[in-house]
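Listed after this line are the structures, all set down as C-alpha cells.
What follows is chain A paired twice: with chain B in the first complex and chain C in the second.
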Partner chain A sequence: MTPPPSILPFLANGLSLGLSISLVALAMALIWRTVGIIDFGLGAVYLAAAYATLFLTKGVGLPLAAAIPGALIIGTATAILLYWAVYRGFIRRGSPLFVTVLVSISVFMATQNLISAAISPQKFYFIDTILPGITVLGTRLNVAQLAKMGVSLTALAGVAFFCLRTGPGATILAVADNKRLAQGVGVNVDRAYGWTYGLAGLVVSAAAIPDVAESGVDPFVAINPVFLALAAIIIGGLGSFRNPVLGAVLLGLAFHLAVWVLPASWQEVIAYGFVLAVLVARPQGLFGGLNIVRERA
Partner chain B sequence: MTTQRIRPWGRAALAALATFAVLAMGIGSARAADDLPLGICQSTAQGPAKFSTALWKGAEIAINEINAQGGVNGRKLKPVPVDVGNNDPAQARLSLNKAIDVDKIASLVCWGTNVMVQNGPLIDEADIASFTMSSGTGVVKASKLTQQLEAVTTLYCKVSAAQIKAKYPAVKTFAVLYVNYEFGIELRDKCEEEFGKVGIKLVASEGHPNAPPDLRAQLTKLLEAKPDAIYLGPIGGGTVALGIRTARELGYTGLLTTYGAGDTPDIYNLKLAEGNFFFVSNEVPATAPEAVKTATAEYGGYTPAGYEFVWLTAKLIRDTTKDGQPVSGKALIAKLRQERDIQTPVNRYVFKEDGNTARPLAIFTIENGARKLERILSAKELE
Partner chain C sequence: MLYVVDVLTLTAIMAVAVHGYMLIKGLAGLLHLGHAVFYGLGAYASAILTTKVLPPGSFPLSVAAGALAASAGALLIGWPALKARGRYFMIVTFSMQLIFITLVINLSFTGGPDGLSSIPRLSFGPWQPGKRWMLDLGLVTLTFAQVKLLVMTGFTALSFWFCSRIVDSPYGRLIRAVREDEQVAEAYGRDATRAKLSILLIGAGITGAAGSLFAHHFNYVGPSQFELELTMLLLAMLILGGQTSLLGATIGTGLMVGLLEGLRFVLDNWLAVPFEMTAPLRQAAYSVILILILAVRARGLIPERLKRHGRPAPALPPRPVAAEPIPSSGTVTELGEVVLTCSNLQKHFGGLTAVAGAGFSLRRGRIVAIIGSNGAGKTTIFNILSGFERADLGEAHMGRQPILGKTPAEIARLGIARTFQDVRIWNRLTVIENILAARPHQPGEHPAHLFLSPGRVARAEADNIAAAWTLLERFGLADKANDLGNDLSYAQRKMLALGRITAFGPAAMLLDEPTSGVDPKRLDVFLDHIRTFARTDDRAVCLIEHNMTVVKELADWVLFMDEGKVMTSGTPHEVLGDHSLMRRYLGHQKAATA
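Let's turn to the complex of A and B:
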C-alpha cells in the first residue's frame, strides 16, 4: 500500500482556504448578529469590489496597489447603498427572516446575472502570470493566499478594535446584543445598521480583491465564498464575531484534509458531513453560546 | 355567507383582463403558427454559462441569415432558450417540457451527459430532432432521435492521446483531474483507455466538485505521482483556468491538456495557458462565414455548433418538406442519417446511423490572447 503523502501541504492549504472563507463569514456574521439578516447579497458587494479592481487596473490602467483603495471604497459604498436602497424598507416593515433572506438572494442572483448579460459571463484576469510565493510546510503559497491570510487576521483584529474602541463600533455591539435596550438608551439603530453594512462591505471587499487576483473575475466568482461563509457560521456559531472565523478555518481544513488520505471525490462528503455533524451535535455552533457582552466582560 | 358585489371599476378591470387574455392567446397561437421555434439550451450557471453564450451567438447568426432570406418554407426561425441550470436534468426537464408543449420547438441543441441521458426518452416521446455537444457515450443510447455532435469522452481523448504521442514523445505517464459526476468519470476512464493504447499510463486521478473553491488539494495529490502530463476534465472554462494556474503555482512544468472546455475566452485571456498546454476543439476553417469566425474568436468554440445546428435544421426541414414528409423529429433525423455525409458552411460531418458523428477536430494552443490552430484532423481521418 502506498503511504499517504505528507499532511503538511494539506494543512497549509486548508488553513489558507479557511482564512479566505473567514472574511466573508465575518462580514455575514456582523450583519446577521446586528441587523438580523442572513445576507447573501454580500455576493453583490463581492462582485462590485472584484469588477472595480478589474476596471481600475485594466480599464483605467492603474497599478494594482493604487486600484485597491478604490475597489475597497466601491465595495463598501455598494454595501451601504444596498442597505439604504433595499434592506432598510424591509427591516422597517418588520419583514420576517425568510423574506429578507429571499430579498438578499435575489439581490445576489440579479447582480450576478446582470453582469453576465450586460458585460460578459467570461473570466478576466488582472494578474495572469504566476503569482510570487514562498514555500511553507512543503507547499507553495502565493502572495494572494498570504494576503488573504494576513487580511483575515487583520480584519478580525480591526473589527474587534472598531467595535470595542470607537463610538460607532459600540453602537453596533449594543444593537447586536440587545436592540430594544440599545434603542431605549438612545442608540440610533438605523445608523448602527448603516455602520454595520459599511464595515461588512469593507471586509468583503478586502476578501474579494486577493481572491480574484488569484482566480480571475467573472460573474460567478462570489458563489463559493458566500455559501462557504454560511457553512462556516453554522460550524462556528454566532456567539461572537470570532466564532465564524474559527468555523471557517475548520471548514477549510476539512476540505483539504479530506483529500489527504481519501480520494478527492470524498472531499465534499467529508466537508459537508462535518457541517451536518456539528448541526446535530451542537446546533448553536461549535463555539456558540456566549454573547458578546459577557465575552467583553 | 356574504355576497360581495364587484364595484364598477372592478368589473371594468376584469373585462380588460379577459380581453387581454383572449388577445394574448390569439397572438400566441398566431405566432406559433408563423414561427419555426428552435430550442437552444442555455445556462447562467458558472461552468456552462460561458459556452452557452457561444452556442446562442452562433445560432443567432444563422437565424438572422436564414430569416433575411425569407426563412424556411416561408416561416421565420425563432430561438427558444431551454434553461438547463447547472447541467441539472430536473431543471432541464421543466424547461424542455415548456419548450415542447408551449413553444412547440422543432429541434433542440443541448449538451451534458446527465441532462441528455435523463431527458432522452422525453425527446423521443415528443418527436423532436435533437443534437448534443460535449457528452458521454450513453447519450445516443438513451434517445433514438439524438445525434451526438461530439462524443467528448471517446473522440477527444483519442485525439489528445495521438497528439501527445506525436508531439510530446517524452510523455509516458499522465494524470486526470475530472469533474466528479458521470461525464467526468467517463472522461477519466475513456482517456485511460485511449492513452493506454498509445502507451501512456494513467498514474493518478482525482475528482473535484463542479465549480470547486480551489484545486490545491487535488493537484497536490496528483503531483505526488509525478505525471508527465495532466488531463483536465471539468465542465467549463473557469475550472480549466484554475487548474492551469494552480498546477503552475505548485511548480508543475509538465504538459497540461483538455477538451473543448478549454475553448473559451476564460482560457484565451490567461497568459499562463500560453506554455505547454493544448486543447482539442471544433475547427473553424478559413472558408467559414466571416461572422462565425469573428464570433468564435470572441465567444469560444461552441459558436460554430450553434450556427451549424440552425443551418442543419433548416436544411433538413426544407428537404423533408420537399420529400412530402411532415416536419417531425423522426423524419428530420432519418433524413440526416440517410444523407450521412454533409458539408455545412463550416465543417464536413459524417452522421452515423447509431447516432454518433464523425467530425473534424483541431488541436489548439493559446497565443496572444487567442487560440492558435496547431493541426486539423478531418472527419475522414477521425472516422
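Let's turn to the complex of A and C:
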C-alpha cells in the first residue's frame, strides 16, 4: 500500500477554492438577507462579467488588466439592471419566495441559453501559456490562483468596510436586520435594495473575472459557482454575513480533501453529501444564528 | 408525420409527470423544486430493470417499478424534510435535484455519464413488436409509433382519472386544508406531516411512472435528461395551465409544447436559424415564458375547480334548527362529569414566565370563562392544552388520558378542539368544505379507501354533506355554502369557526375570544350558539373573553388570571362583583390601551 499523499496541497487548493466560492456566497447571502430573494440570477451577472472580459480583451483588444475595470462595471450594472427590470416588480407585488426563486432560476437559464445561441456554446480561453507560479505548502499555485485568493480576501474586506463604514452600507445592514424597522426610521428600502444588488454584482464580477481568466469562459461556466454558493450558505447558515464565507471555505476544503482519500469522480458527491448532512442535522447551518430555512415561506 | 407523432407521444408522457407535480405543488402547496428527480428515478429504475433483470415483455411491471422507485425516493427526501414547514422543503428538493445528477454520473449501475441504452420498447408478455410491426384494423393501418402514442395517451387519461379521484375526494380536501393551514388541520385531529408525505409519495409515484414511460419511449436514459432544466420546464407547464387545476396542468403541458414547437418551426423555416441555435433558443424561450406568466398571471390560465355541494333533499320535513332559545340567566346547579383537568401548568419563554402554575377543570354542560389582561397567559394555556406549546411542568388529563407531550392531532382525537383568536379558517376551501374537512372519522380521507372501497367512501361522504348542511343552517351560513372562506366577512368567519368546531364534535371546546370584533347587534346570536354547545350538546366549554357582558351572560364559572396564575375563581357574580379585582384588571386594560 502506498502511503497517502501529503495533505498540504489539498488544503491549499481547498482554501483557494473556498475563498473563490465565498465571494458568490457572500453576494447571494447579501441579497437573500436584505432583499429576501435566493438569487440564482447572480449566475447571469457572473456571465456578464465573464463575457465582458472576453469582449474587451479579444474583441476590443485591451490587455487583461485594462479590461478588468470595464468588466467590473458591466457586471455591477447587469446586477442593478436585473433588479430594476425584473425583480422589483415581483418584490412590490409581494410575490412569495417560491415565485422569486423560479424567476431568478429562469433569468439564469435564459441568459445561459441566449449566450449559447447568440455567441457560441464553445469555450474561449484568455491565456494559452503556462502561467508562472510558486510552490506553497508542497503545491504549485499559479499566478491566477494567487490573484484569486488575493482578490477574494480584498473583496471580503471591501464588503466589510463598505457595510460597516459607509452610509449606504449601513442601510443594507439595517434592512437585512429588520426591514420594517429600517423603513420606520426612514431608510429608503428600494434604494437599499439597489445598493445591495450593486454590491453583490461587484463582488460576483470580482469572483468571475479571475476565474475565467484562469480557466476560460463558456455559457455554463457560472453553474458551479452559483450552486456551490448556495451549498456554502446551507453549510454556514445566514446568521451573519460571516457564516456563508466560513461555509464556503469549509466546502472548498471538503471538495479537495475528498480527493485526498477518494477517487476524483466522487468529489462532488462528497461535497453535496456534506450539504445534505448539514440540511438534515443542522438546517440552520453550522454557525447558525438566524434559522432562515425554517421560517414559513 | 413521424415527428408529430413523436412530439405528441412525449407530450402525453410529460402530461402525466405534470399531473404528479400538480398534486405535490398545486394541491398540497409543497414548494417542490426537484421534480425531474422523481421522473429520473422512474426512468432509471425501468431502464436498469428491463435491461438487466426482467425478462422481455415486462413493460407493465417496469412501469409499476418506476412508480415505486420514485415513491421510495420521495419517502427518503420527504420524511426528514416535511416535518419542517415551508421553504426548508424547497431547499432540500433543490439540493436533491443537484445531487441526483452527480450521483447518477458517478454510479456504475446507472451507466455513468453515458447512461443506459437499448431499453426495450413497449411490449407485453409474448407481444414484442419489432421495427416494422403494424396494426391492421381493416380501415386503417397503424404504425408502431402511432400505437405507442395511443398507449401513452391512454396513460395520460388514466392518470387524469386517478388524480381527479384524489382531488375531488375527502382526501384531496384534507390535503388542501393542510395546504391552507396545517396547524388548524392538526387542531382538528389530522396528522399534517403524514398527509403531506402521502401526497408526495403519490405524486412522485405518478411522476416515476411517467419517467418509466419515457424510458420505454426513448429507449435511452442519461443524466442530462433529468437536470434542473427539466424541472423548470415541467414547472412552466404546470404554472402556465394553473397549478391548482388538473385540467390546467394538462392543458398547460399541451400549450407549452405547442409554443415551443411553434418557436422551433418559426426559427427553422422562417428565420432559417442554424440548427445548433434552435435548442438553446427553445430553452431560453421557456425560461422567459415562465417569467412572463409569473409576472402577468401567476395563478395560470385555469383556477382551482371548487366542487359545489348541492343541498341534499331532506328525508324529513325540515325542522327549525336555529339555536334553541335557552334562558340566559341562572346557573346550572347539577354538576356534569369532569372532562378535562389540568394543574400546576408552567411555561417559560426565555426569561419570561407565561404560565406559572395554573390549573382548573372543565365539566360537561358547563361554561368556564378565563378573563385577565393581555399577557396573563390565557392563550398560552390553550396552546398547551391543545398541544401547540409544550408545558415545562404540570399535568393535564382528558378523562383519564394524560395529554401533555402529545401532538395537537393526538389531543384533538381525544376530544379537545379549539378555535383561534385570529379565526384561521381555511381560506381557499369553500364554507361547506371548511365544515366537511373538520368532521371526524372519514374513510375517504385515506387514499387507499378511495380506490378499494369507493362505495363506503361515497356513503360516508353523503352523510357528511347532509350533516354539514344541517350545521350550515344552524349557523346561518347555508346561503354561503359554496363561497370561498376567503370571501366571508369577519363576523361570518367567526361564525364559521364555531360551525367548524361543532362539526368536529369534541367533548371539550376551547374558544379563544369567540366574540371579539363582532358587531354588538349580532352578539346575541353568538351567545346563543355558545350556550347551546354546553346546554344542549352537553360539551365542556372554556372561553377566553375580554367582554364582561359576554362573561356575565354565558359563564357558569369564571377564572381570573394574572401573571400566569389563576388569581381567583368563582361565579360571574362573585368575580365580576369583586371591585378590587376588577380595578386591577381594568387598570391593566387601561394601561394596555393607553
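Keep this in mind: the second predicted complex is superposed on the first by the 288 of 297 C-alpha atoms of A that agree within 3 Å, B and C clash if a C-alpha of one lies under 4 Å from a C-alpha of the other, contacts with A are read in each partner's own complex, and residues count from 1 in each chain.
Here is the rule we go by: a residue touches a chain if its C-beta (ideal position, glycine included) is under 8 Å from a C-beta of that chain, and two chains touch if they have at least 3 such contacts.
Since this is a predicted model, take the numbers as computed values, not measurements.
Look at A:L17: by the touch rule set out above, it reaches chain B but stays clear of chain C.
Of the two partner chains placed by superposition, chain B and chain C are both touched by A:P121. In the superposition on chain A, A:N113 makes contact with both chain B and chain C. Look at A:F90: by the touch rule set out above, it reaches chain C but stays clear of chain B. Contacts of A:P283 after superposition: chain C is touched, whereas chain B is not reached. When both complexes are overlaid on chain A, the residue A:G43 reaches neither chain B nor chain C.
Once chain A of one complex is fitted onto chain A of the other, the partner contacts of A:E268 extend to both chain B and chain C. Of the two partner chains, neither chain B nor chain C is touched by A:G239.
According to the touch criterion, the shared surface of chain A, contacted by chain B in one complex and chain C in the other, consists of residues 112-113, 116, 121, 219, 265, 268.
Touching chain A in their complex are the following residues of chain B: 44-46, 49-50, 53, 180, 206-209, 211-214, 216-218, 220-221, 224, 237-238, 241-242, 245, 248-251, 264-266, 269-272. Residues of chain C that touch chain A in their complex: 31, 33, 80, 84-88, 90-92, 94-95, 98-99, 102-103, 105-106, 228-229, 232, 235, 239, 276-277, 280-281, 283-284, 287-288, 290-291, 294-295, 298.
On chain A, the positions that touch chain C within their shared complex are 86, 89-90, 95, 97-99, 101-103, 105-107, 109-110, 112-114, 116-117, 121, 219, 227, 230-231, 234, 265-266, 268-269, 272-273, 275-276, 279-280, 283, 292-297. Chain A meets chain B in the complex at residues 5, 9-10, 13-14, 16-17, 21, 112-113, 116, 120-125, 128-131, 133, 139-140, 142, 214-216, 218-220, 223-225, 228, 255-256, 258-260, 263-265, 267-268.
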